[in-house]
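What follows is a group of structures, each given as structure tokens.
What follows is subunit A paired twice: with subunit B in the first complex and subunit C in the second.
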Partner chain A sequence: MRAIAAPAHQKRIPGEGGTWVFLFGDMLVFGAFFVTFLVERSKAPDVFDAARSTLHIGIGVINTLVLLTSSLCIVLTLNAVRAAQRPLATRAAAAAMAFGLLFIALKVYEYISLGAAGHGPGANDFYLYYFILTGLHLFHVCLGLGALSFVLTQTRRPELSDTRTALVEGAACFWHLVDLLWIFLFALLYLVS
Partner chain B sequence: MTALNLLKNRAGASWLFLVAATIVSWAVGAEHGTGSLVAVVVLGIAAVKVRLVGLDFMELRHAPFALRAAFEAYCVGMWALLAALYLWL
Partner chain C sequence: MAKVSKQHCARGNVRLVELTLQRIGAWCGTVMILLYGASFSGIAQLFPPLSPASSPDEIAAFFVEHKLWIRFGVSGALLSAVLALPFLAALILRIRRVEGRWGMLSMTQLMAATVFVPALLFPQFFLGVAAYRPEERSAELTQALNDVFWLWFIGIVGTIIIQNLTLAVAAFVDQTDPPTFPRWYGYLNLWVATLSLPGCVVVVFNDGPLAWDGIFAFYIPGLVLVVWLFSTTAVMLKSIKAEQRALQPA
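After this line comes the complex of A and B, so read on.
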């Protein structure tokens, strides 16, 4: 296994270098969506603000905390792997996945609830963007859960090669990306629009 | 070594800050009029949170300068761009 407990001053790239091309690409694509959302908002700010107030902000806050905690669980997973605490790493990875599933469950409840109140994607432009942006993010959550299931399997291995370690770190970074994108989405959709 | 010991580091402290920042942004941002400067503050808090996720969860604090600088530029750039669009469009 790679010497993960590297000296603090040593510079290193988490995961494979190529992973970061993908991660930055994703961040820029979402950045373009954020800009588009605000441009559309500028055409009808009062409509967007009124629609924003119909969202379940409590669920938005809870989902933010859920993803932050899930991210912390993955930090714990990596630290436990590095400290050769495999059972702890397995439990932390499983907890991270459980929080990911909770996020999906809350999101689905929110979608159903909004739809039942007549606030579906066709109601106005705010809801259209809300469903597109959160739907794309939800797709990332599902991909991230796939990445985490890979991490979970690796925590059961007695030792990881350099390549596997880099893959685990890359999967962890993708999960943090899911968290990161939600932070901007939460601010834009639930608080700012 | 317990889970708590493995979280007594910058990442653990950052998580506490991130949770607190989420609550603060909710408290100040839930009710405000359109065109309010509060939105700029809320976007700023979001950018700071994203930066911490990158530096302490993604471990970019110890990444080579170019990678870390690109990430920090993204955080600052998104905040400036989104705030400007919110205020002036």
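After this line comes the complex of A and C, so read on.
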């Protein structure tokens, strides 16, 4: 269980095995949330569809691109770490975090404008689920930013031990999960009619 | 010379007995949740939970109709909840083994674990009071007692999250041989902590998925608590057995 480094010619999964206990568990739960949402939606399709059309789809699209770009930056970070290009790794990690912060800022703007338009979480079931699901995702974004700040500190180290490399990979995988979940959420909340 | 080795042998035996007691403690967690769940869900029939959106009359009618079963269920839950005490003691001692002394992790775990048993015990008394003479008082009073039970029962989840986080840190810094916690158990604890979190806002919602009968506040935190207890028992048993094997003369 404790050995992390594997010979290069063998297939290996990124991060520690345990990371995936957490990641798959998290995915499973979001899956349960999505199913709950679809069940509630099937009970009042008209209400849900009318409410869906009041969302800011432009911000949704931009946020999707923001997170995808952020994921790309983390891929660059990891490649740079492996190639021992520390300054590039640091810059790419900082860029990934900046995009993460931009996502939060846009999300908060969206919440405020929805609230101001009378579409708060109490308005109807769609908005309740919208705020809970995106709020839970936003919480994950915040956790992810914590993980990325760890990655940022590691890019400044001259040498990474196997355990540290695995932790950096695990943090990157978590950030990809946050991205993946958002793509599902975006499709489910903004697009499916 | 012979005297010294006899003392040494006696100390070894004491250590082995202690580890056997820890194994019993590890089992207690799993046994506790099975008995507690059976009392609460089976005997008292509080599964699925009563809806927070029900009218006072509906709540009172449930208590009048089921009052004897609820009292039996509460008694069973009160008795089985205390089985968590040896379980938590074993858990704290395992964390202490990681630290090698009483440090931040074992002490934080101790403080959080102190609340674990009261969190299971004390709300049951409100349920007991609600079922004690439900036909002799106004329905709103029974509803209020029922509210206190559920909000307390679900909303106190924060101390379990602290337990999870200390365990996660303990699993990540563990250097003991044989190992006390596998690293995947650390990640499992992070997962349980994340999923238990929605329970904290249970007082905010009167209905919906975050209310006390909702999927995010009741079913998922409840499920991960059971998963956590089962896997904690398994993880502790494995490491205690390995420690016992290492102690026994070849």
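Going forward, the second predicted complex is superposed on the first by the 182 of 193 C-alpha atoms of A that agree within 3 Å, B and C clash if a C-alpha of one lies under 4 Å from a C-alpha of the other, contacts with A are read in each partner's own complex, and residues count from 1 in each chain.
Criterion: a residue touches a chain if its C-beta (ideal position, glycine included) is under 8 Å from a C-beta of that chain, and two chains touch if they have at least 3 such contacts.
Fair warning: this is a prediction, and the values are worked out from it, not measured in the lab.
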First, second, both or neither for A:Y129, with subunit B first and subunit C second: second
Touching partner for A:V29 - first (subunit B), second (subunit C), both, neither: second
First (subunit B), second (subunit C), both or neither touched by A:D49: first
Touching partner for A:H176 - first (subunit B), second (subunit C), both, neither: first
Partner chain in contact with A:V21 - subunit B first, subunit C second, else both or neither: second
More subunit A residues in contact - subunit B or subunit C: B
Contacts of A:F186 with subunit B and subunit C, given as first, second, both or neither: first
Partner chain(s) touched by A:I13 [first = subunit B, second = subunit C, both, neither]: first
Touching both subunit C and subunit B, counted on subunit A across the two superposed complexes: 20
Footprint of subunit C on subunit A - complex, ascending: 1-2, 16-22, 25-26, 29, 32-33, 36, 125, 128-129, 132, 136, 139, 143
Subunit B-touching residues of subunit A, taken from the complex the two chains share: 6, 8, 10-14, 20, 24, 27-28, 31, 34-35, 38-39, 41-42, 45-46, 48-49, 57, 61, 64-65, 68-69, 71-72, 74-76, 79-80, 83, 85, 88, 92, 169, 172-173, 176-177, 179-180, 183-184, 186-188, 190-192
Subunit C residues touching subunit A - in the complex, by the definition given at the top: 179, 182-188, 190-191, 194-195, 197-198, 208-210, 215-216, 220
Complex contact set, residues of subunit B against subunit A: 1, 3, 6-7, 9, 11-12, 15, 18-19, 22-23, 25-26, 29-30, 33-35, 39, 42-43, 45-46, 49-50, 53-54, 56-60, 62-65, 67, 70, 74, 78, 81-82, 85-86, 89
